[in-house]
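You will see two complexes here that share chain A, one where it goes with chain B and one where it goes with chain C.
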Partner chain A sequence: MNENKGTSDTQAAQILKILAEICEDDSVMTDRKVDLFKENLLDSLSVTELLVELDDQLGIYISPAEIEREQIRTPELLLQFVEARSKR
Partner chain B sequence: MRILEELERIASHRLEGNSPVALCYDDEELSWLELSSYSDRLAVFLDRTYPGDRQAIVVYGHKSPWMVVAFLACMKSGHAYCPVDSYYPTQRVLRIVETVANPCVLMIEPLALDESYKPLSLTEIKKLVNFSSDRAPFNAASLTKSGESAHCSTVDRLCPLRDDETCYMIFTSGSTGDPKGVQISGSNLWSFTKWISDLVRSSPHSPFTNDYQTQIRCLNQAPFSFDLSAMDLYLALISGGTVCSIPRHVIDDPKQLFNALFSLNLDVWVSTPSFVDLCLTERDFDETHLPGLKIFLFCGETLTNRSYDKLQQRFPHADIYNTYGPTETTVAVTEVLVTPEISATEQPLPVGKAKPGTRICIMDGGGGLTATPVAEGGAVAASVAVAAASCEGEIIIAGDSVSLAGYFKKPEQTARAFFELNLDGQTYHAYHTGDLGYLKGEQLYYQGRMDSQIKLHGYRIELGDIERNLLQLPGVEHAAVLPSYRRGQIHSLTAYVQCVQFAPDKVTPDLTSLNDPALDEAKLAQLLREDLAQLLPDYMLPRKVVFVSDWPMTENGKLDRKRLEGLV
Partner chain C sequence: MSFFSGLDFYLLLIPFLAVAVLIGRHKSLKAYNLLISLLFITLIYGSSKAQALSLLLYLIYEFILLRLYLYWRTRQGRKQVRYRLMLFLALLPLAAVKLTLPQPLSLFGFLGISYASFKVLQILIDSYDGLIKQLSFYDYASFILFFPTLSSGPIDRSERYLADLAEVKDRETYMQLVYQGLWKFLLGLVYKLTFSEFFYVRMQALESTYTPAALLAYAYLYGFYLFFDFAGYSLMAVGCSYILGVKTPDNFRFPFISRDMKEFWDRWHITLSHWLRDYLFSRFMFQSIKKKRFKSRLTGASVGFMLNMTVMGFWHGLSGQYIIYGLYHGVLLALTEIYQKKSGFYKRHQQQRWYQGLSWLLTLNLVMFGFMIFSGHLNPIPAALWRRLVS
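So, the complex of A and B:
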């Protein structure tokens, strides 16, 4: 269990790094409650880019058809969503 | 006009019995019979109402089949059509309508125009052409017999466009903030259409079988105001096939998008590389789920090796083409069938060799030219030596695809961009693309722009256009827009703005009704983007806005773009 915890922490850091790259804004790594869509950090095109990077860099595949904006509205929600996905 | 004659010829084979679908969009469809009859009737109406008039007509709307009815009606009655997408902000639409300055506007979507215009709404158009929404069972007899005989003689008396007249006009981003209307003639369009249709017919995995009865289904991704759409539209129409349009709201919703893609039975894919990148994020986007899909045609931006490799793995039995061409030279003028071997050895991928009737030249700094040989029937004549590798320079396009009339009502810009070029004793109409590239044998390679025009997700954008529009916003004193890159490709745009008396806590009252002390830079940026969205199409909106208090200048008083970038 401990080992898993360790992995997911690194994974969380990696996901946030990817998110920051896509948003072109490092604040999303620290401000985990920011509304990514409202603050114009993400839009439909960049969500696609995010999915590509998650798949390419971390091997986490999420079909664009199964993702709702609400599920990834903040960095925190994104992390929860991806974590739930990678456990499956 | 050749293209209309060819369309009539193919249509005549599609009118009998149960006329097949020519255009499909969401849950709307128009058969070949309907397309043909309705466009005839609308043409007759236009001819009667504006006898002898040959001005361009704005056709406003999105991807409805009625857009195409309107396009054909315009051409049949001697008018160029000017497609304007309803997703454009109203101000930009109105500016185009004013520039075209024809009181007649065909509104497939509603648009508020002042009394000086005499627009026709979709409801009126449908009434004029006797459209019956009761299509089950569709009564073909009413169209072909009673309906047709009533106006047959007038259809025969129509005076359609000639090949040397402008058949469509597409407005592109202009560096002064004023969109430029590119005028494409009937002969330009025919040269393009014949080439792209021959290319698909002779492709290794062509969906066409020997008989010309095959009805191909082509994807229409781009709006009609983006000339990439002419590739799928005319390829499908000239072969008597079906144009499958995906509306914007479906493209924006991945669930609906993939449902649509998987159910359209597509044979030919036409899109920007960016759009296929989006589709590749879905793992089911492959030949198992789209078994009919045999041809991919890309235009609008260079296909990257990465996108090609992914796509080729998903569709190992499809032919994937990279093409290149600015709006001014009719959609595209080069093509290359990319293979895994090419992708393994060439980075970037070539954009291809010139189509028949077109010659590509590279103009080096000293004005020297390296040209591709004359292509005959698609093949290079054996006796002509292939040009050696050229050095880098401006790509010049010469031949029958180059716009005859240039920019609408802009003689100076037309004179700067278009010229007569003498090559091997022959005179060609030629266009300065402003693109940088080089030739290796007959293959052209694209390297970027000489000016501040960019391609973002396939859309052509003048950064100056965005800057001029930013400056129109109250309170904005200086504005610059710079692209930001990821993996060597433009990924988004950043606007750098200096506002009058800007301070995060004391904002200029012009920008908004600001009594709100909580208004910080992020909010201000949001407001600015909203204001800008009233002026520019959304693909041109900068993703980020950076406020600058000290506008960096170089020693000779020019904006220091390098230092601006460093501010982030």
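So, the complex of A and C:
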């Protein structure tokens, strides 16, 4: 149980690190409620970059068609979405 | 009879929608929808035997491809070669029609094949991605043949559509949907019958005047006519869908208030541009970044936009005006992207009112010029200019 939580925590940290690199802004690692689209941290192009990195670094393939902006609007929502997706 | 035009269509539609409201309050409308879709298809396509037969053949042909692919996909995983072969085969009927216009091979042509092809490709690509694992003929036929959107969209997605019909809504939720649907339907009717007509008549009056002022006026009149005509049609299709328990996505969201070209494509023919974004642009970008096809991201994005919009142009038809229309928007989107990423001026002023006002005005005129290309009204001009130049 604990071990599982451990892996998902490191995974969350990895995802946030990838996100910070793509947004070129480290604040997304701490401010988990920031609106990534409103603040111009993400657009449809950088979302694609994010999907490539998730696939390359974590082996989680998410199709561009299954992701909607509302599901990844904040870092917190993104973490939830990827976690739910990686369990499938 | 044709979809959403003529008194006979509406007179027939009203009682069938009324019955839908009686059923939809306590049951799923899936079976009923398919039944009345078949009825409307028979009435509308039935007058031409070739067209009806073509629709039927198309439906069966694509279903066989999709099922065959799903069979391979579940046993052997994501294999590129077979997937590409299936993409090719699935697009073949559409290509055959577009290549043989204006006299399409009668066996391939039916009204709405362009839209049906989007739906089929979506199922195929989502199967490749593992999002779709099975497909019954009932679900498939219900989705492809859903009559409000069959001939001209909006382009829905199969999983979204089927989820809407699988859930039995409680009475209140469903009635809410019916009221929204009625409102959209009536608004669409007003768009089409009054506004679209208003602009069309004035546009026709300028049909053969080629002075600069008349051209400018023509561009605006055509733009507004096109909007009210197509948005009106879409609203009626969406409204009708709502009453049948399906929340078909909206196609337009105040496109003329857009402040840049990217925003415009988020507001104009939304289901088409989002389809292309999800199934072409993003995939192309995904592969490009992964394979490091381009030195800079901006170059990659520019090529992506060009490709995306050129395909959009070709999809509208294989004549010069549509292809140039696509290229035109590709170039504009690429330039917008480069400008917004590189320009300090943009970054400094983008929040200021005067900048936004200017940006809106420029966007509106670029959009109207694009419609002018699309309309074909400019087609005689290059030849006329050439004649003047050589004489």
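Just so we're on the same page, the second predicted complex is superposed on the first by the 88 of 88 C-alpha atoms of A that agree within 3 Å, B and C clash if a C-alpha of one lies under 4 Å from a C-alpha of the other, contacts with A are read in each partner's own complex, and residues count from 1 in each chain.
Definition applied: contacts are C-beta pairs under 8 Å (C-beta built on N, C-alpha and C of every residue); 3 or more make two chains touch, one makes a residue touch a chain.
From a predicted model like this one, the values you see are computed outputs, not experimental measurements.
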Clash or fit, chain B versus chain C on superposed chain A: clash
Which of chain B and chain C A:83 touches, first, second, both or neither: neither
Partner chain(s) touched by A:31 [first = chain B, second = chain C, both, neither]: neither
First, second, both or neither for A:21, with chain B first and chain C second: first
Which superposed partner A:45 touches (first chain B, second chain C, both, neither): both
Chain B versus chain C as contact partner of A:65, first or second or both or neither: both
Clash-bearing segment of chain B, relative to chain C, as chosen among 62-70, 188-196, 206-214 or 422-430: 62-70
On chain A, positions contacted by chain B and by chain C: 44-45, 48-49, 51-52, 55, 61, 63-66
Touch list for chain C against partner chain A, complex: 122, 125-126, 129, 131, 157, 277-279, 281-283, 285-286, 289-290, 297, 301, 337
Contacting residues of chain A [partner chain B, same complex]: 21, 24-25, 39-40, 43-46, 48-49, 51-52, 55, 61, 63-67
Touching residues (chain side chain B, partner chain A) in the complex: 252, 254-255, 257-258, 274, 277-278, 280-284, 457, 484, 486, 491-492, 494, 522, 525-526, 529, 543-544, 568
Touching residues (chain side chain A, partner chain C) in the complex: 44-45, 47-49, 51-52, 55-56, 61, 63-66
